[in-house]
Amino acid sequence: MKAFAVRVLTQLAVAAATLLFAALLLLAIGVSPGDAATAFWNGTFGSPTNAGTTLTQAVPLFLVALGWIVADKAGRMHVGFPGQVVIGGCAAAAVGLQCDGVPRVLAIVACALAGIAGGALWAGIVAWLWASRGVLEIISSLLLNLVALQVLAWLVRGPLQGSLDQQPQSANFPASTLWPAVESVPGRTLSYDVILLPLLAAALIWLFARTVFGFELRAAGGNLDAARWNGINPVRMGVSAIVISGGLAGLAGAALLFAGSAPWLSEGFEAGIGFNGIAVALLARNSPIGAIVTAIVFASLNVGGTSLQALLDVPSSLTSVLQGAVIVLVLVAAMLLRRRRAARRPAAPVTTTPSTEKELVA
Amino acid sequence: MGVFDIAFLVSALTIAAPILMAATGELISQRAGVMNVGLEGVLLAGAFAGYLTMTRVENQALGFLGGIAGGLLLAALMGLLAIEVKVDQIVAGIAIGVLGLGLTTFLDQHFVPEPQTFKPLPRIEIPLLSDIPVAGPLLFDQDLFIWATLAVVGLAALVMYRTTWGINLAATGETPVAADAAGVSVRGLRWSAVLVSGALAGAAGAYISIGDVGVFREDMTGGRGYLAIAAVLFGAWRLRGLLAAVAIFAVTDAVQLRLQSMPAVPGEIWTAAAIAVLAGLIVMRRGLVVGGAVLIALVALAVVHPVVSLPASLWLAMPYVLALVALAAGGASRHRAPSALTLPYVRSEA
Amino acid sequence: MAADPGPDEALRLSGITKRFGAFTANDRIDLGIAWGEVHALLGENGAGKTTLMRIVTGLYQPDEGTMSLDGTPVAFRRPEQALRAGIGMVHQHFTLVPTLTELENLAMAPAAVPWRNGRAAARRRAAEVEASTGLRIDPDRLVADASVGERQRLEIVKLLCRGARLLIFDEPSASLSPGEWDELAKLMRRLAGEGHAVVLISHKLSEVFSVADRWTVLRGGAVAGTGDIAGTTPEHLVELMVGESVAPRRERTPASPGAPTLVIRDLSVDRLAEVDLTVHAGEIVGVAGVAGSGQAELVEAVLGIRPAAAGSVELSGQRLERRTPQAFYAAGGALIPEDRHHVAVVGGMTLGENINLRALRQAPLARRGRINLGAARLRARRLMTEYEVRATGENQPMARLSGGNQQKAVLARELSTEPSLVIAVQPVRGLDVRATEFVYRRLTEHRNRGGAVLLISMDLDEVIALSDRIAVLAHGRVRGVLDAAEATRSRIGALMTSSEVRP
Amino acid sequence: GCGGGSDEAAGAADDSTTIGFLAPAPRNDGGFTQYALAGVQAAVDADPKLKLTSIVDNAAESQEQIEGLQSLAANNDVVVADGAVLNKAVAVVAPKYPDTHFVLIASDLEALAPNVSSVTVAVGLNAMVAGAVASNASKSKKIGMIAGPEVPSSTAWYYGMAQGAKIENPATSVAQAYTNDYNDVGKAKQAAEAMIANGADQILSDLDSGSEGIYQAADAKAGTGVYNVFALHCDENPNIIGSGVVNWSDVLKASVTEAAAGTLKAGAISFGLKSGALSFQFCPGKGTDEQKALAEKITKEISDGTVVPEKGVLLPQPSYAFEQR
């Protein structure tokens, strides 16, 4: 009970600190914090339309976050999500553009699967390099991100370039491929894929707590050698973890394109969710449920930021400053919280063996 | 018109310098166990701080000091989060990156609404030496920063491999427990490493803005920070590897710039590629089948060089692809990350 | 009985108390260490030995109590303060940097000025230490390439280089071969002779009686007694440690070997050459040999971690074709590995998950890939009581258990599956007397139930005490197999050092 | 009843006309975006009834652009979208806000919706003149163009120069390079250095603040001529010969004023040389008489149709008639 109170208090404190910081910044450029708050609220949750946009935008972030959680549980710290989102999106787009006239359900499933496949494939490179060539996943994934950007740049100018005005964009996706949205929400901004939030969170928790696969994943992540000596194949675990996380990221890419309001492929559609997704997961301390919340918070920061610009002429830069500030403050708060816990309970467990985790199995 | 002429080497060198400077800093920081994914933000901070200083006191030296100060500022924040509060380094890095971009842009619009332009660093032409055929223009007709970079790298090499501090650095990143037991202050060492990396990144940023071109534009570092990090990782946390990585990146980028403004890919490119692959095969003695196939293909292209012009994206992706191929060929044995990289150090684990 | 160390007292602890949360690890401890003596610190797992010594070396701060060195009060906030005062500790888990050379590990020190290079100085000091103690290191070898014994030597040299006069050894023999231990024992005596003070934490009374001058026993964090070795007996010390006298080991019932369970035919792996070895049901076969004679290779080859160059392994009748850990366990094998921390337990997972690490992945606990948590919990609890694993509950993180209890958990995991073969490597390493007895009893019971046991150990006494047959391993070859009856220390020793062929 | 609380548009109930502005680039890019803004500002200054309420810049990503446009449309009578890259975004948003008028700059999309006008200038025509002049000025008979991202409005400059150069001297070769960022000075400098190393001695910069880099490259190699776009920057660098001036200010002032008045016709409106919105201008003291005469001649020939722009010179024209002013 007391712990809970402390938790709540800390979170309130963070919220307060963040708001204070924001208010100061706004005052610095002569915008009344009050107006800003109103504009922010209206822009994010004020109307069903905007609430829909916010929630819909939370989905890709959340998917990436789940991807991170899976990989992290298996001890595979790869940061290839931006690349996997991009490639997943490209794959989904490539399929989607061909889906004109295909029955709706079929088209939608095809695009989603294409996205997953694309992301998984791109992650597969990382997995292969790790498993068979012993390349640290964090290195290869970082490099592959940069490659993926160029792949996209080329696609939207070459094979997938399709808009009448020859901009580096694809043609609009056929209506049959667009993911369904809740009709009752004006502007149809609330895509049905938000049900993925609770569903996948539950699924993941179940996977880790209740399935042999999840258990072996955690064991391999906890101590790679011990897992191997106990008949778990850590290479298989690592590879599947990386590939699964890539698939989730790829699905996020598809969601960005087919659930969002911009049904075409363009450069920079990834919009930084690859890295923000990691932040979402880590701020939620790798808890799938927590990730739902943090994802929504992040999404509202994006959406609200734009409406702040549009309504109060707040410069775009300020919104990203706010984002950074929020991350920092939440981090600190989370840490302080842990400190207080630690003070009550004995120090953290000891016998983890990072070296062996980093060691490579060839 | 050749591609691989002196102008090419010079441009490669100018591309490499800031990346190398920043990467050296990041290397030191990572050897101490602190990975700053937000290096891009630190670069920007340096770039803007330098520019801001120039707009106030128009003096290059002070400008660079300002840049260094800017870098130190964000680095200090990183240190605070990673070393004191012990938060997850990756998120901290992401936050630093976002903050760096946001703050510099915001402050730029706020304090310097009218963009200003300054004279970039002058090239120092050393009388006789600069007349030496190749080395002359390459080395002895450069601005101070190129020299500073070389000096810093040399210094880093000395400090990392020839001093007690270097040993402590390696220990802190590898087995902080051991360093601690030996009386080395893990905290102190990580702090100094992080600050050093901040200062170097700040200087590199300042070069990108006031040093190279004399202006500041929001997000003007254009991903050089990520390149630097990639170089550190690809360089297997060693200075030699780092140099090789930066060289690959810079050369391919320079080639790409030249090829863009050419109607077709000249034969010498294929020849050069073929030679590179051959060298690679000789060094590695592995993947002979694939490598051989590629080699033959390249030679064929070099002989009958067809009039093809490859999409710019391909060239832009080239450095990273090459890095990946090199890693895959090199294999596991070569590179191991510092065991304590990104792991905060808690005393009770002693 | 508390024999006062007398005038040349080095370290005096009075009323030292250390609490971790609600738990009191050290309780009002008074202790005196004298120059020129080897002082044995004894006690059960979790009695508070390591904690106390961590306090002495400034790793922990005491909640109460005072320390004085040479009569002057001292308080250390950080280890190097203790070191500067001349107190150094050789930890159970070495504090060395594997990626650096031995010299660099010596040179590692707070650098006053960044550009200073301590390598040359370190080399000089190492030479001095070698001159005075005969401890030689290989300066330019990577620590990663050094054996456990060599690493320990480096640790000691490190302390001596830094001018340590009071040296603390926390279970030094846990990872040493008998030969290496004898050297270490000699060294301790020598250091004491030169006026240093030595504290030895150990669970092996044989060692204690061979080197120590005085002893102190901790129980439940408090001092249970102290005195001169001369005036005491092992039984007395055990009684002090455990609180009651441990039942003396029953005479072994003669073995009734059944069908061969493990059959190894001319197995060759790296250092190991043409090893033939058979373990029958209902017998314990001990493998004696100095460290690095190929024990690791043997285990890893049978388990399938290390690919074998030649040879075959047969387990309970079936030939292990593609050797993998999976196949080994499926064929009814079980393993108590040597390196608990790295290959046996997952520190981040709970005790329950570690106990069920394999059972959880197959019927009855798991069906069609789904785990029955309830059943798993029950099984974990049952085994915890059956194997006397002391913990707050099956959900306690494994890393928080004392080594002794971690070992019991591993034992529970491996023996609970009714395996036909148990490979036990150094099974009592780091365990106290009671835990040791417990492990021995379990292994013997297993053998009496008709199970086969392959006991690999560098501790001759252990091998002799438990084994029905003893295979002697030296330089990667089996030099001979003796029956328990004919196996004497001398004969085994002879075979061990028989080196007609150098590898 | 369509999204974004368009009901809030009532906020602009009084008789003043409110304008919102959205750009993918930074507002102070010293180029395209800045000129467009200046144009809108000019319109606002001229008419007290007009009010520029808010600017959304750096909207690099489609999703963000759409949200930005929606919020702006919900609260303004006129929304100016700066750049053809926004075509699709406008196409999505405009139908939802029928009573807001959208002005798309530098695009010539026809009839997206009855409330969208695409205003553009045929920069390619300017480029033809520039190409001819540059070719004439070039000793090495190698000239080049450097732009940011490879988009039609940039490639138009290349094709225009190529055609113009061919008219002046068929032997002249024209190179093109893209830094993928109108404002990356460093890359621009490197690209220009590379181009100069390849022998080009006349370079047209279709960059915004990136131009600075090209000046510096030119400084390093004597005799290199630089050409700007949109406006004269003669005071910024001695090597600048001239510029393919585009009078954005007038163009936009006109369009925005009309849009506010509700008289701006939907569809594509392209300003050509006739309108005077375009003209190649020399910096004071630059350019030989021969070159000036050449510029005159080409301009005339384009205007009276003797010279027909080749493929790529004009922005891609969807298959509909569009009026050239």
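Points worth noting:
Lettered A, B, C and D in written order, each chain numbered from 1.
Note that contacts are C-beta pairs under 8 Å (C-beta built on N, C-alpha and C of every residue); 3 or more make two chains touch, one makes a residue touch a chain.
Quantities reported herein were computed from a predicted structural model and do not represent experimental measurements.
Looking at contacts between chains, the pair that accounts for the most C-beta pairs is A-B.
Here the CA centre of subunit B is 35 Å from the CA centre of subunit D. Separation between the centroids of subunit A and subunit B, computed from CA atoms only, is 28 Å. We define each chain's centre as the mean of its Cα atoms; on that basis subunit C and subunit D are separated by 77 Å. Here the CA centre of subunit A is 46 Å from the CA centre of subunit C. Among all residues of subunit A, those that touch two or more other chains are 153, 157, 315-317, 347, 350, 355.
Taken residue by residue, subunit C touches two or more other chains at 98, whereas all remaining positions touch fewer. Among the residues of subunit B, those in touch with two or more other chains are 105, 109, 218, 336.
Pairs of chains meeting the touch criterion are A-B, A-C, A-D, B-C, B-D.
Within the complex, the subunit C residues that touch subunit A are 20-21, 23, 98, 303, 305, 324-326, 328-329, 335, 337, 341-349, 353, 357-358, 360-361, 366, 369-371, 373, 397-400. Subunit D makes touch with subunit A in their complex at residues 1-5, 8, 20, 53-68, 71-72, 75, 84-85, 87-89, 92, 96, 107-109, 149-152, 180, 315-316, 318.
The touching residues of subunit A, counted against subunit B in their complex, run 25, 28-29, 77, 79, 129, 133-136, 138-140, 142-147, 150-151, 153-154, 157-158, 275-276, 278-279, 282-283, 315-325, 327-328, 331-332, 334-336, 347-348, 350, 354-355, 358-360, 362.
Contacts from subunit A toward subunit C in the complex involve residues 209-213, 215-216, 218-219, 222-223, 225-233, 344-347, 349-353, 355-356.
Residues 158-159, 162-165, 167-168, 170-171, 174-175, 177-185, 336, 347, 350 of subunit B touch subunit C in their complex.
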